[in-house]
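In the two complexes below, chain A is the common chain; its partner is chain B in one and chain C in the other.
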Partner chain A sequence: MEQEAIYPTEKLKCWKKVKDIRMKFYQDYAEAHDKGGLRWAGGAWTFDAIPAGLGEDVYPITSEPYSATIAFDKELSLECMEATEVKGYPRDLCSYMRNYWGSIITDKFAFGYKDGEFVPRFQGAKPIGFPKPDFIWQDHICCSHAKWYQVVSDLEGGIPMFTVDNAVGPSNELTDSKIKYVVEQLKDGIKFLEKTTGRDYDDELMFKAIKNHFVSTSKWAESCALNKAIPAPLDEKTIYSLYVLGTLQKAGKQVADFYEKDLLPEVKDRVKRGIAAVPNERVRVMSDTQPPWSFLSIFRYLEKFGCVSVGSLYTFGLIGQWEVKKDGTWGAKKIPDVEFTSRDQALYEYVKYELHKPEWQHFYSCHLKSDMMIRIAKEWKLNGVMLHYNRGCEGLTVGIAENRLALLDAGFPVMAFEGNNADEREFDEARTKAKINAFMETLGVK
Partner chain B sequence: MITMGIDLGAKNIKVVILKDNKIIGKSNVLAGFDVEKSAQQAIDKALKEAGITKDKIEKTISTGAGDKLAPFYDEIKSIVGCDSLGAVFLHPAARSVIDVGAEEGRGMRCDETGKIIDFEVNEKCAAGAGAFTEAMSRALEVKLEEIGPLSLKATEDIPMNAQCTVFAESEVVTMVHNKVSKANMAKAVHDAMASRITSMVRKIGFNKDVVLVGGVANNIGFVDSLNKDLDLKVVIPKDPEFVGALGAALAAAGWKGGK
Partner chain C sequence: MIEQFKQIEKNRHDYAKDWKKKKDGKVLGYFCTYVPEEILYAAGVLPVRILGSHEPQDVTEPHIFGMFCPFCRDCLAQGLKNRYKYLDGLMIAQSCLHIRQAYTSWIKHRPVDFSKFLCMPHKVQSPHAYEFLTEEYKVFKKELENWTGNKITDNDLDKAIEVYNENRRLMRKLYDLRKRDKPPLTGEQVMEVVMAMQMTDKAEHNKMLKELLKKIENYIPDRETGSRLMILGSEDDDTVFMNMVEESGATFVIDDHCTGSRYFWNEVEDGKDPLSSIAARYVNRIPCPSKDWEERKRIPHILNLCKDWKVDGVIIMQQKFCDPHELDFVAIKKALEDAGIPTLFLEFDVTVPIGQFKIRVEAFLEMIGEEDLF
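This part shows the complex of A and B:
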């Protein structure tokens, strides 16, 4: 272990900026009412360009990244978990959902103020209550999403809620009628937003937000594609902090600008100069699904063996949009070269683009996911795969045992470990590290 | 070359000393609460049997759940890696290895050099490990070493549905109330345990040369159930509980297959 450096390394220059954007996101949400603005809540996958048409003072909070934030704060997470259990919600439900509900039940927000500065609670912030959203704007593809916000609305005493059913089948079977099915719901949703907020809807703002969405999702994928390089310019632990902006507000200008003007040029530069994320890179792996957020240290543990986790279908495809290029490899999806002239046309282009999201495909078939994982394993030149049998997220874990078999058949060694993305009580760090030790031996490093 | 392998298991500490790949000393000591002290005792005992002093040991590799608690070592190697190395050394045709120890069960596929190709560990559950038979022997009020032979006298197959040691104990209590014979209950325990191990091994695949190692390999009742479940006869080397420590000592000697 503790291999000598082979490549030069350096910290990401945009690191502070990504942290600042994230903190501002939560601060804007918390303080929206102070400025006469609106707050809304919804999932990280929701069509967030739609509420953007209500005005530039409308701020979201997205459920999964917020819940992951709680998970990282072990003390708060345990409080939230126990609070939901006291209310009678079972322990085998989505652990993100339980953290989120717990934050409402305990009325504890994961952020607050310390000496006038907005910071996470675990950094000593004075606690504030969970800021109640004005409306809920959600989509439904994951089995938990269907109930998540119904309970949130109930817990908060009834919040107006609109949901979009986007489970229309895999992208290789996409038809005009399926796209229109989702588009019509979004049009109904816009009417709901106008009625609920009493505001007039501005299509121009929505057009800009959709363009931002295209940029965020395409440029994020482009940065991930650069990780095919040896040495990898990014490691997955860092990637977790970078991809999260796309889960917060992919239709936001600050996020699109960050991916296009800050991150992508910097990653390109790192590849050009041979800057490694892990200076002793000797073997490359990928993971799958959300990590156990309380134990990201396992990724640093890998580095002791000279092992870099270069990403995953989860980090690449949760937000990133991809397409097969002329040479047969995976690359960032081309940003649609289209001018928006009407609400219907813009929504059609938006939906048509978004329904190709890689992380939506395996809700229909585990084999689609296996194909994408094998592609990543080959194109990103991996030596092995670490699969997280994640008991906290059934949606992303469904079919993972089939994925394991497919990867093995394709010739990639696989290590599976059990855990939970947001309920640390279900993760055994010592045993997982023991498994990693054995897996590293099989990969020829120790 | 003289090498030492130390396997600090959850319940027992095993030490093997090799000279030119031949065992010249070995020991097996209960780990107890003070693992470091017990490990030292095990080392002293093995050195005494080998008739050498510590300074003659050229390289030591430590393995097992408590690998870092060995009083001294040059390297650490995973228990699955040591198991497969030891198994292939003792049975060169071995490509599949099952280790059922006190705390956990493991299945491995390896190549002719003992290098792991794939492995699986029965984690977070005692129902596929020696701790299960210990708990069940207590529930049946028979000595641990008697539960194996007892189960071979069974006259019926009684399914044990519980997947967990704690609930299985409750199921045994129900069986007692139903006046099921101890032999039939003992077999039910071994069948349940074998079923769990088989399911784990099937995940990684196996061939006909399956070597069973670990302390539970000494339980003939479990072995009988496992053979029936796998539909083959597993190979059990002499002193199966020492195979991990043997593999560690072989790794220290740089053994990579062949004689």
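This part shows the complex of A and C:
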């Protein structure tokens, strides 16, 4: 433990910027009505370039990262969970969803103002109520997605809602008919948006947002690919704060610019100069699914052994878009070289691109996920894998036991630990650390 | 009265093996009732639904994380224990995530000659779901033809549709008889009929059903009906539970289960061609909660069933960890209670704690019967 540094390290220069973008996102949402704008709610995977066509004063809140923010605020999270349970919802449901519902039921937003500054509630903000969205714009691939917002609408006394079914099968079986099914729904969705908001839809704004989407998802993947380097320029705990921008507003210009102009050049520079995220890097692992947000300290605990978690299919592929390159390795998906000339054509390109999202593939077969995980384990030169058997998310935990078997078959040691991404009552920190101790010994570091 | 159905259900594997020998045909196991059985039947394939055996087991532990529903684990256990070794094919239509795991683990560890994940749309309330599903069926039909070597003509599909529709009509007739003050069959008996329906050649089931309907048309049972109950929720084939409730002074007169009315309620109606007609049937059917959005269409349907079958109370059951139902039952419970219908919520596992449940059920029945008492 506490081994000597082997590599130089330094803090990320873009760290403050990423935090600022995130805070502005929530502030914009909270204050949208004050500026005559609109606010909408939907999932992190939703086709967020579509509402962008309503104008530049339309601000989203995405459910999963908002709920993770609540999870980090243990006191508020417990209040939200208990309020949801009082309403009769079972505690084995998605824990993000329960935090989110709880925030509505208790009418407590996770952010507020302190001395005029917009800050998280746990930093002493004066509480404000949950800002009700004007409409819901959701997607559906996990059983909980559309149902999540059905309940939100119930709780809020009715909110206009549109959901896009994007579960059309794995990307290796994509057909024109599958793409068109999603495209046609998006076209219906645009009509819904116009009707609901009374605004005229601007295709040009949508075109720009789709381009931003391409940049965000491709450039994020490019940064993650750089983590194949030894030493790894980024560690997963840091990655959590970086990938989150893509879950907030991947079609936003501020996000695309950050990934392309701030993060990517800095990570490239770190690789060039041999800057390590963890200076005593000796072994490399990856995790899987969302982490237990209240206990990110376990990643710092790994570092005491000289172990760096370089990422995961979750952090790489939840937002990042990938493809197999000529040399057979995984790299960032090429940004489509296409000019948009019509709504139909733009939507088609958008959907065709997006349906390749790595984290959507295991919804059809856990074996597709196993293949991607084994690829990461090989190409990112891992010594082992830590699988979070996450009781809080059925969508990302589907097939995880088969992933474990496949990784073991491929020769990678696996440590499975049980927990919950957003319900801290279901995570045993001491037991997990004891498991890490044993696992590190297995990997030859202690 | 329903012995023949019960025998098939209890000896499901023998039935399928005998069918295979007799017909020299292929048997395909399916998960989830969104699988378009008509297309399989038209190809000369016998579709049989994979159900569990309600026995505690540990063979699925390495394959499915414990937070997933007991039903999916029980189903997978049947495969891992080699109880379905005779299957030539295995199939699932996209529905809930839980049962999908049973399918994906099964095809890896007990591979079969033909396997298919059919991409049933989730947004059945979208007007585009019809065309999308029809296109998926076209691909599936070709795959089936390649596998079986049988060309599936429109005539074959029409015949299969007719067999299945007749089956559905007969079942609706049987369910209508349960509206009587003295229903001729108990809920447990009907559950046996539906389970047998999911694992029998439908033409044969039709014959059996016609005989049964003849027998019960004028039959007045000598048991007391007691409180008229509805049961609704996740997949449910727990006949032991049904029996316990009905021995406690009640009769299940109606249900909303995929091992019950949801399976057969809607027929295939005439459309522009057989495949699109079948697609319309599966898009329009009474939805599983995993597909019941953005509007909750099941609720008015459930309330209508309660009214038409003169229901005194509803038992809402769900398989432990069944997320889609967990996401619906709060709204359903509220709608029922707003309509003045009492509810009892019970969580099921592979086996149920029958003693504890009996106490809760008896208390529920007493509550329902209070008005008669005082």
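Following the convention adopted for this analysis, the second predicted complex is superposed on the first by the 446 of 446 C-alpha atoms of A that agree within 3 Å, B and C clash if a C-alpha of one lies under 4 Å from a C-alpha of the other, contacts with A are read in each partner's own complex, and residues count from 1 in each chain.
Following the convention adopted for this analysis, contacts are C-beta pairs under 8 Å (C-beta built on N, C-alpha and C of every residue); 3 or more make two chains touch, one makes a residue touch a chain.
Please read all numbers here as calculations on a predicted model, not as lab measurements.
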Chain B and chain C placed together on chain A: clash or fit? fit
Practice task
Would you sort A:D344 into first (chain B), second (chain C), both or neither based on which partner it touches?
Solution key: neither
Who does A:E194 touch here: chain B (first), chain C (second), both, or neither? neither
- Message: So in the superposed three-chain picture, is A:A146 touching just chain B, just chain C, both, or none of them (first/second/both/neither)?
- Response: second
After superposition on A, vertex chain A (C-alpha centre) with arms to chain B and chain C, in degrees to the nearest 10, comes to 70
Q. Counting only touches as set out at the top, which of chain B and chain C does A:D154 meet: first, second, both, neither?
A. second
Exercise. Now for A:E379: first (chain B), second (chain C), both, or neither, which partner does it touch?
Worked result: neither
(message) Quick check for you: in the superposed arrangement, does A:D202 touch first (chain B), second (chain C), both or neither?
(response) neither
Per the contact definition in the header, classify A:D428: touching chain B only (first), chain C only (second), both, or neither. first
Per residue count on chain A, the busier partner among chain B and chain C is C
When the two complexes are superposed, chain B comes to within a least CA distance of chain C, in Å, of 5
Chain B contacts chain A in the complex at 65, 75-81, 115-121, 123-124
Chain C partner, complex, touching residues on chain A are 87-90, 92-94, 140-144, 146-151, 154, 161-165, 167-169, 175, 177-178, 180-181, 184-185, 188, 363-367, 389, 391, 394-395, 397-402, 404-405
In the complex, chain C touches chain A at residues 62-65, 67-68, 94, 96-98, 100-101, 104-105, 108, 117, 119, 121-123, 126-129, 131-132, 135-136, 139, 289-290, 293-294, 296, 320-321, 323-324, 326-328, 330-331, 333
Residue positions on chain A within touch of chain B in the complex are 408, 413-414, 416, 418, 428, 431, 434-435, 437-438, 441-442, 446
